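Heads up, there are several structures right after this.
Below, chain A partners chain B and then partners chain C, in two separate complexes.
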Partner chain A sequence: MTLKRMVPIIISLIISSSSLAYSEQPIDVLQVPVNRIVKILQDPQFKNNVNRKLQQKQLREVIDGIFNFELIARGTIDRYDWDKFTPQQRTEFTKLFSEFISNVYFNKIQGDYTDVKVAYLGQEIRSDSSARVKTVVLRESGEIPIDYSMKLINGKWWVYNVFVEGPSLLGNYRDEHKRILMKGSYTDLIEQLKKKIEAQKSKK
Partner chain B sequence: MKHITRFQNRKDTGFNKDFNSYEEGNILKQALFVFFIMIFILAGCAHQSVTDSSVNRDMNGNDPDVLTTESHDEELDFLYEEAEEGVSDVADPIAPWNKAMFHFNDKLYFWVLKPVAIGYKVVMPTPARKGVKNFFHNLQTPPRLINAILQAKGKGAGSEFARFIINSTIGVLGFWDPAETYLKLQPCEEDLGQTLGFYGIGNGFYIVWPFLGSSTLRDTFGYVGDSFLDPVTYIQPTEAALGARSLSLINETSLTLGDYESFKDDYYSPYEAFRNSYIQHRINKVEK
Partner chain C sequence: MKKSFIDTIVGIFVVIGIVCIGYLTIKLGKMEVIGHKHYNVSARFQSISGLTPGAHIEMAGVKIGAVDSVSFDVERKVAVVNMKIHKGVTLSEDAIASVKTSGLIGDKYIKLSPGSSDVILKDGDTIYETESAIDIEDLVSKYIFSDE
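On to the complex of A and B.
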């Protein structure tokens, strides 16, 4: 084998070994579930809001594998407020907020994103275990830039924050929760959260 | 539309009479003059510094394997820092006015804008509505171009200039966007509010305007300054300019129906959530 012939082999070896070291790029990890979500949304069997419940079930399976709701819920509460919560309250809040936020997400995408494409613009590696992936959702009325903050936990990348055109999920709800807890108590927060979830349910 | 009438009224009271007789270059000079005056005014008003949002943060090398709901605070620094970054810190001294205007705009949307936009949507197919959107966007190139130049964004300014030439000709008066479709020339969404922010001028305080919605002191000055560069402002007669603005607004609403409703459903207190979102959105744009 001549040297010339070996060059591509060597190059490909180098590339494959380096891609082994970084086999799980956050942008690749994110693409799988996001593409899957787009596919579910475009599935003809769910056209015109038929079988909404079944579609939600499929969507939930996908997002449960990529969104870390424990981190998301916790990030929306100021750490001093969180310290005041009892363990039961923490669990209750995490459960309710996860339900609320996934409903928010479903309501946003179901029916509205049938003609949608997602472009992956790139990723910003911020440390060994954290990254931000930049995407753009192309829908009929225009483009929506959506960025995902991801964290490597137990060897798996999880989404813990979403930025839609600048404002972030964590920031917006933290602002809201802070205000509620400043004026009221944990009970008020849960009450408001439950009210919102009820409203979501009645809308369907 | 009140805000438009406000502008048009000025036109009739002599302020703009001289203005109309000016040539294009003089209009630019005027705009720059206004711009620098505003810098002086705002430099005095800007007491509110934007929250530090520098992107690079150390993850202080914690073992990510131990993150759970019950993990220690320090391991969640990354989470808290990022969450805190997303909370705006804007003064709202005229909250009663703002809340009243928020309420007014809310009613305006549900009682007027939305029904009209729904009717408009019925008669105008989506490609036509996208065309109208493109047309107005192309027409409003001057403020974007000037602000890109003022922020020394050569690439953005070049893109805006090329887009304007291509879309106005091949894109038939801007109804189509061949510059982006075929040449991948992205628009550079700059405005005077962002330019002022770029030079370190803070938000001042939060203002909600009837018809126009969320703004800040800085962005209001920006809006007024930009409107001098907006060709729609100079459409004669006044009724035609008013009509053009209304069409643009209704067209835009028809393309985003449901977005406002779902935003309101998603938050406990829409006024505050809207304020936070607006400020974060602007911080993000100024940084870009």
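On to the complex of A and C.
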């Protein structure tokens, strides 16, 4: 084999070995966006609910880069029901549920949580592609333990479930969606989601 | 002739008695002679507060298995619960196991929510998504000391 031929092989070997050595840790992947969220919440330009829309836009950019809404939406539907959804229904549900859950999150943290600090307690690597990161949100009124379940997809860690003081996001909505789908159909589920989103918008 | 007949009858009753005792031991002790009706999965919890071996595993309120053993992971400082699940009940890798209490002060049990992933758990696999028992005393103290 000539040296010319070997060069690309050597380069690819170096790249792959360096990427292995520098495989990002889930806790590091989470820290940057979470700290960014805290910064946005504490930004003086958004004090007293001024520029809420702009603040939401900034928050959305951050959470879109760390939360995998496709996995989250899918995780709230039982496999039996999910298999019955058509591809269009799956896309529609994912879009609506992502909007709904982001609004829930924004309504909870915007205007509040300006005095927060986040402590990162550690991570538990559960398998090659699954991890749980433990954090505590520190406020004057007390501590709130928040754990994040993360999955490695195509070399990037994504959040797909959040545990707040024990109960989880997926567990909560999975039960609720199952109840709706037992009594009604996909259309009922979508209608209820749309109603909730409307109610969220009117609240703002 | 007569004596040997009586001996045979007594022998038969003794054998029947032993079989009955064996059956009761297996049933009451919840042992399995042929252990192929279940498969094992484990789960790690931050707190199981009072969950004991033999506790029910429920899905949709129906018993689908039992807690086989409970141990403590010294390294991670968490509880490890080994569960036996009826064969035929499939669990996805994103199934959620939560420690629940029947009623306010009733027995602890594990509620499983089946999950939506296409990856199905096999014998010896682990359920990663776990919700620990909610401690009522913790909640009360939080409520008392909260300024909201």
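Observations
In the analysis below, the second predicted complex is superposed on the first by the 182 of 204 C-alpha atoms of A that agree within 3 Å, B and C clash if a C-alpha of one lies under 4 Å from a C-alpha of the other, contacts with A are read in each partner's own complex, and residues count from 1 in each chain.
To be clear about the criterion, a residue touches a chain if its C-beta (ideal position, glycine included) is under 8 Å from a C-beta of that chain, and two chains touch if they have at least 3 such contacts.
Note that the structure is predicted; figures quoted are calculated from it, not measured.
Using the contact criterion defined above for the overlaid structures, shared-chain residue A:G75 touches chain B and also reaches chain C. When the two complexes are overlaid on their common chain A, residue A:Q42 makes contact with neither chain B nor chain C. Touch criterion not met for A:N51: it reaches neither chain B nor chain C. In the superposed pair of complexes, A:S149 makes contact with chain B and with chain C alike. Of the two partner chains, neither chain B nor chain C is touched by A:S185. The partner that reaches more residues of chain A, of the two candidates chain B and chain C, is B. In the overlay built on the shared chain, the residue A:G171 is in contact with chain B and with chain C.
Across the superposed pair, chain B and chain C both touch chain A at residues 74-76, 79, 124, 126-127, 130, 140-142, 149, 160-161, 163, 165-168, 170-171, 174-175. Per the touch definition, chain A reaches chain B in the complex via residues 70-71, 74-76, 79, 87, 90-91, 94, 104, 107-108, 112, 124, 126-130, 140-142, 149, 151-154, 160-161, 163, 165-168, 170-172, 174-176, 178-180, 192, 196, 199-200, 203.
Remark: chain A residues 74-80, 82, 124, 126-127, 130, 132, 140-142, 149, 160-161, 163, 165-168, 170-171, 174-175 touch chain C in the complex.
Within the complex formed with chain A, the chain C residues making contact are 76, 92, 94, 96, 98, 113-118, 126, 128-129, 131-134, 142, 145-148.
Across the complex, chain A is touched by residues 55-59, 61, 64-65, 67-70, 73, 76, 78-80, 82-88, 126, 133, 255-256, 258, 262, 265-269, 272-273, 276-277, 280-285 of chain B.
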